[in-house]
Amino acid sequence: MPIPGQTRWHRLEQRQAAIKGLLLGATIISCGSVLAILGFLGYFAVPIFSQGHLAEILSWDWRPFQGRFGILPMVAGSLCLAAAAMGLAFPLALGICGFAHGLGPQRLGRPLLGLIHFMTGIPTVIYGFISVIFLVPLVRNIFPESTGYSWLAAALTLSLMILPTIVLVIHAQLQQVDVRVRLAAAALGFSPAQTLLWVLAPMASRGLWAAAVLGFSRAIGDTIIALMVAGNAPQVPHTLLDSIRTLTAHIALVVATDSTSQAYQSIFACGLILFGVTAAVNFALRRLQTRASGAMRHD
Amino acid sequence: MGPKETDNLEPTARVAGLYVGFAGRGVLHDLTAEFYRGRLAVILGRSGSGKTTFLRALNRLNECFPGSETRGLINLKLQGEWRDIYGDIVPLTELRRRVGMVFQTPHLLPISIASNLALPVKLVLGLPRGEIPSRVEWALKEAHLWEEVQDRLDAPAHTLSGGQQQRLCLARLLALEPEILLLDEPTASLDFRSSLKVEELLLSLKDRYTIIAVSHSLSQARRLADEALILRDGSIVQRLSREDLQAPDTLQTLLDEIF
Amino acid sequence: MIKGISCLAKACSWLAVVVTLGAVMLFLGFLGAKGLNTFNLTLFFGQTPPWEAITGHLPVWHGIWPACVGTVVLVLLSSLLAIPLGLASGIYLAQYASGSWKSWFSLAVELLAGIPSIVMGLFGFALILFLRKTLAPQANTCLLLSAVCLALLVLPYLIVMTQTALEAIPGELRLVGLSLGFNPWQNLVHVLLPLAGRGILSGVILAVGRAAEDTAVILLTGVVANAGLPAGILDKYEALPFQIFYLAAEARSEGELAQGFGAALILLILTGALFLGAYYLQSTFSRTWDQKKLII
């Protein structure tokens, strides 16, 4: 006497296999999209090489009406803006994390982190909007020789935007440090501040690197703040008050103005550069993660 | 021990030359054993000796772990016929329903007491909706739980005490009409009084099912077991009958063995 | 000297907190004050009577209602695309994938997560250029294209949070359903997904919030400043983030500027609420599982 349900079992197995197949299909579509994106960017960037424009694109001059399509000023612009924003945001983030983990009163730490969490929900375009209405005229008033749309204004705004990312990554790293380590330090007579400075901080160094890398990549990847506040002059900045253009803003501007095919080629080069930066950041984070016991990633 | 004692009993599970390994590392080697209906067998052994792996081999749960490899023969007598459960003749879902398992900690779903029983009955047995409440009641009575919960069947299962939860897990199993019960340290997470209640329940179920239990407690083995199998280095090295277990010098050997 | 360093560190941290708090308070306060002032029917509908505006009988000039509707439709469409895809992929990665396939898929998801939104928009733009050259010479940037690109943008959130939520379920609990005789699909639907539900839901909310606030993608894929209510998925449309962006640069009067503040405040309330919801769900979810870990 066979166990009842033999044929039912076969149909069940078929259905299970079909379900698994569907789910696999969905995964392939999701993951294949990365290849599709890379593919399309590459496809449109190929003419740069086939038409021998590489040297032109990699030059320091962007004057499309005179046939100059160099994107290096934009590369400089992106780097300068990101570096300045990081220079402001990272120390602030360290201070905030320190405050929440021992340097400040316990009771204030949680609401502070709550506020930081809330900040992650603020849309970037709103940072840009307030900056344009409020910060840019302020800069213009203080430094009458500039229009206000400057490296300085953009860096200030961008630093505020990337601050929560950096804080939360460092915070996650500090939280992960074993409770026993903290108890041991307290048992030795360390105050919370001393525990933080001499015990936790050295252990969290990988998290600090992860936070820096993530913050930097968010800064490089930002478009709206740069587009609205930085001025968009395709030049290498000499002072903080100069107007700069980032790779991201450049893409938006060229698409909007609907210009020549060579200009289009340049934006695909920008796109590829940005994609490459992404991949490099990913690689760096993986290296950091495999060594640290899981620095949390925020996106 | 020996053929005399087990002659009148009906064997329901035969294991021969069982090997189970994960990712190349062997856990069970050449394990041979026999189990009988109406008897409660207890598996004893050091931690890591493979007791849980052995139980999981009997309902093919080891396959849920990546890299698992099983060789050897396991024949179970289900529905009156001997079947090689690794021969792919028995549907996995049927096998697992008829060879039920209780875990160390009671794993109940975050739904009501009645729903915890009704869900498997509906999904696995396919019972029509009308028959489910009576099955639920029957199972709870079998598990000696009915009087304690009959007036709060809709309360969340997590509001029960540890012992009650474990008995609910047993009820859940029994509702599916299993033939063999696998118990992985069923009272490990319970206090003494609750443990005794569960043991009482197991003794009452013994006649109608084949029960194979893993235990860490020697005294529990002495109370419950018709037969104790000592697992060492992945195979059964000794079988002790109920009389053997009561003898005082066995206690010393067992202590040396296990601790 | 150690005491000195301690004091210095404390002082610096206080300074950092005060500076940051000050900036944020100024920022939000400014927005709140100016934005709240603008909250009335003309913000949404301009001079058009509300009922006609909502039903679309009359066009709305100088009101942000079309942009609000545009954002809602855009988010709905991209969610429709992204949620099934993301959930299915997350389930596959958590339950079925293993070995090198799993690591390749995970790599792809990580790369997708890191792509800046402008590059996603550029992809959409490239797609249209390609279609124009080959299959569909009439192809133009539109609502559908934006929805597709936004779906790709938020897909990683959905995949990762679904996968994480499922993998957080302790090992033995995952076996219980199977040990009772459930088949894998029954186990997934009746045991695993309900248990992981809150984590997955918070991922969905996060994705919706991200889609609602994004500007860079829609900039390149079909949003305009004046299109009225979205006519069809192959047409141009308006959206809140772009209105804010546009008004920041092009506002010519106090009235238009006020509109910008109103729109900004509405967008902030929307995304703020969504992110807070997701955060709350996520924290109660992980608290449940940490407790379970202590018992087991």
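Note that the chains take the letters A, B and C in the order they are written out, and that residue 1 is the start of every chain.
Just so it is clear, contacts are C-beta pairs under 8 Å (C-beta built on N, C-alpha and C of every residue); 3 or more make two chains touch, one makes a residue touch a chain.
Nothing here was measured: the structure is a model prediction, and the numbers come from that model.
Among the chains, the centre nearest to the mean of all shown protein C-alpha atoms is found for C. The chain pair A-B and the chain pair A-C differ in C-beta contact count, and the higher one is A-C. Centre-to-centre spacing of chain B and chain C amounts to 48 Å, using the average Cα coordinate of each chain. Each chain gets one centre point, the mean of its Cα atoms, and the points for chain A and chain B are 53 Å apart. A separation of 16 Å divides the Cα centre of chain A from that of chain C. Multi-chain contact residues, meaning those touching two or more other chains, occur in chain C at positions 183. For chain B, the set of residues that touch two or more other chains comprises 93-94. Across the assembly, chain A contributes residues 12 that each touch 2 or more other chains.
On chain C, the positions that touch chain A within their shared complex are 2, 5-6, 9-10, 12-17, 19-21, 23-24, 27, 30-31, 84-86, 88-89, 91-93, 96-97, 104-105, 107-123, 125-127, 129-130, 152, 155-157, 159, 183-185, 209, 213, 215-216, 219-220, 241, 244-245, 247-249, 257, 260, 264, 267-268, 271-272, 274-276, 279. Residues of chain A that touch chain B in their complex: 1, 3-6, 8-9, 12.
Chain C makes touch with chain B in their complex at residues 98-99, 172-176, 178-183, 186, 190-191, 194-195, 295-296. Against chain A, in their complex, chain B makes its touches with residues 78-81, 83, 89-91, 93-94.
Residues of chain B that touch chain C in their complex: 59, 61, 64, 66, 92-97, 100-101, 103-105, 107, 109-110, 119-120, 123-124, 172-173, 176, 189.
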